[in-house]
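Labels for the chains are A, B, C, D, E and F, by order of writing; each one numbers its residues from 1.
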């Protein structure tokens, strides 16, 4: 049932999110610090039980040089170089079992499925630790891990991991570095937006029902997790409200969108109470490049599901054919 | 949390299910009647967006000659003949979007995903009608559709469809007819058991957390759907209890197990309230052939998920290597 | 709690429902096809255990000539002809046990309680099959049974049954055919509206908290069943939205209301999330004849309950006294 | 689902309830005190809108001489004297709207529907105050109203009302005083047991899924209201446990049963968590007279619903025919 | 999540509550009648196990002269006279265990914790009976106890108790009668408002998330208990709506606020569905004296919890220092 | 309602928990490593707004030398030395607001309320970070933080903090080091058991409804959090079961109990599904010293609440009077 704006309202809505003054400086500094660690990609072939796909257990150095795990899937019968896709996970999930994500490689892509540090026990198991403890008390989950300090926040680490996952994929010779897309749903969508905003070599972006967008609005209009983690923290730490949202401003998809020039495909769902549609349209209206959004009228947070997947496959086929692998640059 | 027997209890448990006297006659008659309709398999290539797999939209004549839909997946780079797998769906699901089921073909099998007539709107969409109306009032869902008459029951039609799906897969020349397995989870597991029990040419069976087993016990010890559909029907139709269970006896996995000689891999989950583990062990202890069961200690009805998938891949690899494609025959 | 419009909003609200162009032609054709089957009413006296009422187990030929069951109640001490009432059931219910519906006959009416084909296991048991299978996959329940084709939709059959139930009651000599009312609550209210809109000989209509009105609006503003069945279907069958609502347009109470000239009593409940009050006012504002609506401020879908019953008894007593049994005609 | 004993266990089960030593003295004193108030029955004819039944708004002097309301229904076409039925309500309900209870008078009985003092707002509205305040703090509801003192407990008042309702019905000349039955479900069943145990002129008893039986056991094995009111009270008043159960012992159906010699029909439901079946069998096994119990296998607290009603009608028809109106006496 | 007005809306909102014409006369009469009973305070020292606080078990004559219990806490090392605080409880709670409320005495106040008659079993146990029975049927709980007659309503009794609790505290020589504050949360906040409105010697008021304010609005915009008790009553007693709200008008915090001249501290919580914030702002905007309100952005009905306590301590410290114990008088 | 053993079963029950072989060596090593960091207690007076109690904001060096926060409460009028109490928090809670815990100091004790690192946002806010990140993916919450390695598990750090909190309290000259008790409920009870088992100078132990006891049994018989965090982790990490329980064995209250010689007061609640009573009796039966357990028949996890507090005050008063401050020693 409708609990957010309707279609007309979504088209009119513009987010009130304001970028922190030092937004770009913050991220430049974070990425530079991370760059002090070589990417150090290692890939080990897996006895996958598959005949059409080669699977590798990958690790690379993410934020702080911490080892980040992932699966690399390559179509066995390939003529290099092939386009690449980096995919990110939804909240609580990890890279999963290697048999769970066969889509992109079956469609001919070099596919890196990045694990989310510290997550990966909720519905797809992960294998990556987040060895950094929070700077204060937290609500269980990642939203308030480091909530009173941007540099120490969990999402600084995860966003940097996401950016560096593209470097990891680029390091494989089989990959056409001019044709790399970033994709994901929910938290994965936020990470795709982050990678596209903080790099200048991403060729396309697919973000389904993205999380972490228009965050303060979201935390007020829904009781669904994980946005509600913020509200639960503030219900106890009553004096922390402004500090908390000042921290979260560095991760807001609306600010990221203003920095994305690659073509971007979004989806939203009219009855999504986890990532309410207005917060996705808040992102959409700020995108700096080509953009398309699909609103699913009767869906919740599952969004378009396999129909979103098909739409993503078609979108990337079109953009990669059209561009013949252009190197997109920012600014 | 534990709501059924514990490990020791499961090993000791034996189901009290008694086969209807005319169980075999009933099914022989049903299959003969179905056999009057030629299998009439039609396959249309799909623009799948995939590069490693060929996908076909398939239909064949099921019970009553009704058209049953499915997806056929073939690895693009194949050397025929290849082993085949017929997969069945859980309750409420359909064959889904063609992008949703890439596992078995990626592992080198000719994979037929059968649609479940009339289902396919709950979590994976279907495309197959069940053009036969019930013989009386029902509780929404399939459990009580035709509940007071075995021949008119929904599951007679679906079981016959399941049996004929194997004929459909056998009709493709690319398939090694001596190496066809039937697989599925929950309702899909029940259908796999049915196909294996009612045919003599199935080489292996994989049934995860199977539904429709030890049905009367199940309907008394859990409030979870869909077993609860039976209880809801009987709560209103109070005088129908014996007729209802007399009907359902023709579909019980325990009786099917007594007729299965192909090697069978089961899984059960200790905390599964949808298909309580004792009802799966009720099946296990009656299997006539080789058998193996895996009990997942902390899982509910999701069972082993991708770990069950991996186990299934390993099992079939072993049995097909070992047997080199033996034609198994019944007693 | 208030989740729809308040009193002022309800008075201002006008539904956006547009009649399908061939609405009248569609129903004329359906009724003509049904009329090819003689009504064929059969009544068998029941050992009712009652002393003031005679009860008959009735069947008549509904849509497709299918046998539709019902109870006929007649006051034992009667001086014919007496006025008649056809009553329809809410969603999931059937005609019930013959002891459950003593009101109308105790009040002096010949009372036909029509069974709803295929329903009747949820809270009042039924005895009537719907022998027609759906034309595609469905969500459990009736809403999406035949959802992509008006002529094959479940509600075409049930509406035709409802229309013919009046013929069935008229066939009893004890009944004054000029004084027949149609009554019902929820789905039963929708059927009463249908019978009144599609016939020209109904003398009065009582529809409490009617279902199937302003359907698209309803399906967007509530998560309650059974409207939610539509949303659940569309959540999986994402491309079917327009076809689905095109089908449902043939059953919408708003369009029916435009064709009703008999005096009509409606009720709505301000806190009804099953049939939100705005959708009932959508009907109310379109009624072509005399009309009255009662809004219950603190009720949910139970509406006025026995107070609605009393109101209905008073209304019919007034209209039948006043008119002295006029034959009302349309247009 | 099964949460209490199964069929075999129910047959074996015997309640551990022990009668308070002064049980009979207590009730004798209570009834004598009540008898100081003349029964003072008043009946006012209601404009019932009915043609087969006469309805009267009745009041009589209950416990403390307080006015207790009720409906008296008489078949309009009657040949006196006719047998009578006193019916009691379930927890939270009242005598309801006068149109809600047409069964017994339609079956030829003089039917007195007694209101429950202070209740009657939950699902059937009442009209009777309980002008006595509790002797201490309470949990909302009646269970703990006066919980630490039997004479001051709510149920002492209500049980006395129930006993005197029979006197009220006997006072009507149209009633055959040798053929009066007491009936009810849930709390109404407890009241029927109380009236039969505390009088010697009740000819038959019908108690469906009776409440207030084997109370301490019930309060430990279910979390359903209203038994849970006891547990909620004791969760706060931790030192009151023994006093509370000492009070409740005066109302326990098990002790009542030991004093009932009239033929008694009980029903229980295997999946009833409101009044668990073992507590009903606790009553059954102690009944001193003829007895019959019906166990509904798949029902919850709704028990047999209209099937229980039919069973009650048949039972009374049999007993009243057989006895030809005997005056039954105790011990 | 936000379900009522947002910050801007709260500032603009003005309640539509209209005082009953005889509001003041009603309360004057009630208090005069109560005054016929001497206050009759009795205090018994408790073996409290505490070393810094003296605890007394207190009773005084409330409405009708009924004995009302409470705890009196005095700091052991005190130099009299000391300021006093009367505290009232939330709905369902009582004075609790004497160890549960050490705050105000530890802060140097003579602290009287008044028990709520008839309540005190939900989360803090009470010890006070409400010996007056309701004048008609009720919904469990206090809201509808006497709902159709102001003088007989439960809250007339409890409000009078609250007013007289101040007399009780004033009777202790250790207390500075010019410096007595009334405090409470939820129902306790309503009682504090009542005491301040109906007396002229209360020096300060603290009411956190007060209940019983803007009652009709509250009963329509939330489904949370205890406001919902009203709606549940009216759902059955459909014709009583206007009488019910006419009764409740005598207890409405909005009308009370218009009569309060003492400085008042309120709190509200933006996500409070038990006492929606607009109903608290309805009170705030009508306060006749100094006032301050704190809105907690991410809290529900727990409001500011210990932060509200700290705010209250600071407020009273300021007002009592500033005024040096002025005797405040009304108009 | 009863979901675990009844009273008789609890008395008979003995836990199957086996101590890890190196249990003592493990903890000796952990405490030695911690001891390399000086305790470094710092206390800052707080403007508490209280007149009977002095409050200090305390920090000391816990596991890894990390700063652990707490409140120290001292009765203002004290004659040193006074006995001391270290209190620990339940899961999700922190030391709270300094106004929330006035009991023990009001009773004359030097009271140190220890914060739980990383917790303190759920219902009482904390102020202490856990700066150590987990060694792998986790389920939100602390149970699976470091779950595959005892030395890296969260509870190793928290248990060491708990042990050192006693050192912190001992460092205040106002405290009588021979009379220090450790107290807590739920997780706080587990920490009290840990401090008593791993030190030899604790004079008394109070553990109400303790958590972390008989852990594997608990994780199988309840679905309540936080034990369920284990099950949720294992539902995804299916192969980790034995490693997980091998880790948790170092924290099990049953093993701790075998090492406790100080007199110990436990409480359990018969209807506690968070910490099922059998798991508490599992601890009780293994206690090496004096012991007493109180079973609350109708309580859930709230246990005895203030009645448990009173019992604790009485117990400590007795033991400290009796012993006159004995220094208890182990073995």
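As a working rule, a contact is a pair of C-beta atoms (placed from the backbone, for glycine too) under 8 Å apart; a residue touches a chain by one contact, two chains touch by 3 or more.
According to UniProt, the chain labels map to these proteins: A, B, C, D, E, F = Acetylxylan esterase.
Because the structure is predicted, anything quoted here is derived from the model rather than measured.
Participant: Considering only chains that satisfy the touch condition with chain A, which of them also satisfy it with chain D?
Facilitator: Where chain A and chain D share a partner, that partner set is B, C, E, F.
Participant: Quick check: how many Å separate the C-alpha centres of chain B and chain D?
Facilitator: The separation of the two C-alpha centroids amounts to 51 Å.
Participant: Taking each chain's centre as its mean C-alpha position, how far apart are chain E and chain F in Å?
Facilitator: 38
Participant: Pull out every residue in chain A that's touching 2 or more other chains.
Facilitator: 232, 307
Participant: Which label fits the chain touch graph of this model best, line, ring, star, complete or other?
Facilitator: other
Participant: Touching residues of chain B toward chain C in the complex: what are they?
Facilitator: Answer in residue numbers: 92, 94, 118-142, 144, 232-233, 236-237.
Participant: Applying the document's contact rule, which stretches of chain F touch chain D when the two form their complex?
Facilitator: That would be residues 1-2, 270-271, 296-300, 302, 304, 307 of chain F.
Participant: Show me the residue ranges of chain D that touch chain C in the complex, using the header's touch definition.
Facilitator: Result: residues 49-53, 75-77, 96-97, 99-100, 102-103, 105-108, 305-307, 309-310, 313-314, 317 of chain D touch chain C.
Participant: Tell me, which parts of chain D touch chain F in their complex?
Facilitator: Going through chain D, the ones touching chain F are 219-223, 230-232, 234-235, 238-239, 241.
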